[in-house]
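Per-chain residue numbering starts at 1, and chain names A, B, C, D, E and F are given in the order in which the chains are listed.
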């Protein structure tokens, strides 16, 4: 997952931006359940509080946006979640967005979050690949499944833009866009774009 | 706060229901911030897991519904949050509900939660009394302020039902209803109603 | 139909609540059309006015909620409709509810009612079994059809909670929940829960 | 009230259309409550069934649209309600409509109906004049109050089109439009327009 | 296309209304793209300004409603778009409308327009026939495809009223209604109805 | 106006990005009306087509987003409108956004655009300063009026983030944020952020 975030960060670094990707060693290994989302918050908060003076902005690189409003409450600088930024980026690339999610069990949580964002009328559909965090390592199998699910979102649900619903999919964005012939949003890149913009104001 | 919940529980106990009100000693003293919401979850979860075999249902008696979906994920029995149940009860008593909140800073969180529930078109308004958890002890001052805010919700925002937006206001429900001449919902009572119903199925 | 309501009432009676199920002899035999909904109102109103002094609350046990706002206007005590209460109960058990209806012709009416409730963004789908009131007597055939329709709501429409869209289905709730592996709401039980709660305040 | 409907019908009659305004002698004298709405339905239905062969379309000239879906179910020809047609006409003349209603007690009913129509995001506000059906006879006082309420809808609620929320206000449309300097919709005229159009297809 | 509009205008003319159908010679041959929509505006505006003194109302007979708000800004008389009027007419004939569109590429534009109208909760679906403007000449093939798409809207999307999403389909309305056994709205007829009504007030 | 855009572009240029601000000499002097919006499109399109090979992305620096979807249709590279990007940026900084607009007459257009974006449930209010394009030159008077309107959006409408509703207000962002004690979004900066991000992918 960190490799995917590094991949998304590379173009910004190439242009001179200073982006630090940090893995929370005391956080959960993967984040799928509500419990894991909760457990991810405290490590991020203590890290962010420790380095806040040196940062222009923080990105929470988990599609569930754990602790987003808590970190916003506690930190002076801006905090971006890849879930929120991914959705907002999708809204500027198509009229109805489709989400490729890893697991069915995350979809009710996405629905609550999209409802909190007030964007349900723009959602074409959210479909799960039925893959766990462990399956993410097999990139070819993952890509095939992303294409299948993306086609369903396009043809059955009427999506005209696809949002990759996870932090570990960045590698596949360009190829998926070519395959599906429609814009594909990488939420890591979306959040990094906003954080990078904010850093210019420092 | 626990006294208010005991007050709301009394009619159910009088009818023979067994309701245990537990204060989380290792939880935060009051719950106003996002951090305090987070800190409230772990103690509730461990308590609930410990007594789950003996319970028909759990009620999370904090209007912010901390850990609601996490507890639902981890427990087999039903879990009710007073925020969610309070809103749903209000929907059956009027067409547009007004919320009396303690603090302005909680309102964006309420808005996200109402959005996740998908009920924004039913919301007349959410107005803060500007009182902290500490002010809750002065019942007379609190009641006067509730009447003021309730009148604004009725006359300026068009509310035809009032939802008391906190766990510590149960004592005031009947008097407020008489004063405002419109239905007033106690979220503690709403959640206890549902938990009590579920307990009949055991 | 009255048997189903008696079934739903049994757990409350066992706990000591006094629930009277009354069949309106001068009402329509079944309620499917707009005309039958209208014809159901006057008998209910005159019954309710006659016994109001002895009642803590009334439940209108027809999924179309005939006369709900009229009875609320005319009676001092609270009135609950199983349609409204069923929907609200479903909102607390899942993120997107699916409705199993008897007839296709009722669905536009449900859509208007769900719109009036403001809950459309929470609706996964409403699908008809294509059964008439007469078919309700064959419980096995009815259950098989409920399972079929429930599976479609789950798999094609993304429902994570099912609402049984009629007053005569209470018998099937537990078995359907086991079969579909997701929460199933009996609207009779939902409305009785709320009426039972209100009765504690008397 | 019938005079107002005759007033709205005059331009269509002048162009050759045959419009019959019928007062329901066995209906309620005025329609303000839910009970009166209910009582209005049966007389309209029996009248409409009796003359259906001679009619191209029916208009229900009460802003609450009593029996609209019931008459649509029972009659072969098209049925229009002035409430529904008035709202739809307003949507084509401005972006956010304001409603001038007679009584505060009707507003929750309007909110349910606007919700069933799915148009809440287009509603600027609905404000009551606080006048009863009896006050309608004093045309000058009524007009002054309509101007006051219309100004509030325009300036405080942001309405850019006004819908007169009753069947008895047709006389005031042109003067109100001049006074408020914004489009004003007469719901009688709106419904008659649609019925007149349908009659051309006969 | 003009023939279709003439067809829709015939019943009004037969009743004595004076309707002039004008083809914009300096406009685009067909209107499918955003560029063609833009190019359609200036010719309509200069025509309308030239004849404004003689007109009671204007109808823009293109489903994309090009220049609707611009013409409303520049002209004193009322301006109707067939897209907007078609949608509003559909709302009075069914609870969830389905749209038969020519091309997939127009659907995101429709979605933006329906969103601006605030009617998304009433939309069952919008499906394209996959036919270009050129295909409109083969009336039989077009009708067969309309029936196919209409059946999908009815059976898969739950539409209970169909809106023909183009200006050139008027000929097929009655036959399509018979075939699909549900109301079918001709947007040309809808807009002409409103314009005809306004003309009575002159 | 161009000076404001240059101001917003400066931080990106300082970081090495190549941003060209071009004034459309053959476009309208200011853009307030629907006609001016239309007239702005053709010059932008021909400019963009001419330089497309050298551009990573285009920004349309007018809050009305003229020609946004047309340019997206005609150009291969990404196109951003400051209206759309400003709204989306506001959604990530607060729960309910307030818009400071120049003129009352633009607000219905904003409402249509916010409706097309599907974000009405997130809008606190849109209030006009009542200033024309000419008044923008008096920066002090403009700032005072922005503070007044911002306070109304905060206190009366409940906004927790402010969106400056025009291209010429960039200079005031930081001071307004300090004065209002809440986040203030410059739509120029928002769109430039996104365009700058996209340019990294080239």
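Going forward, contacts are C-beta pairs under 8 Å (C-beta built on N, C-alpha and C of every residue); 3 or more make two chains touch, one makes a residue touch a chain.
Keep in mind that what you see is a predicted model, and the values were worked out from it rather than measured.
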Need the most distant chain from chain F, centre defined as the mean of C-alpha atoms. C
CA centre of chain B versus CA centre of chain D: separation in Å? 41
With chain centres defined as C-alpha means, what is the inter-centre distance between chain E and chain F in Å? 33
Chain-centre distance (mean CA atoms) for chain A and chain F, in whole Å, is 26
Can you list every residue of chain C that touches 2 or more other chains, as numbers and ranges? 112, 115, 117-118, 120-121
Who touches whom among the chains? A-B, A-C, A-E, A-F, B-C, B-D, B-F, C-D, C-E, D-E, D-F, E-F
Under the definition above, what is the set of chain C residues touching chain E in their complex? 107-108, 111-112, 115, 120-121, 126
Under the stated contact criterion, what part of chain A meets chain B in this complex? 33-35, 37-38, 41-42, 67, 69-70, 73-74, 109, 112-113, 115-118, 120
Touching chain F in the complex: which residues of chain A? 11-12, 14-17, 78, 80, 84-85, 88-89, 91-93, 117-122, 189-190, 192-194, 196-198, 200-201
In the complex of these two chains, what residues of chain F are touching chain B? 94-96, 121, 158, 160
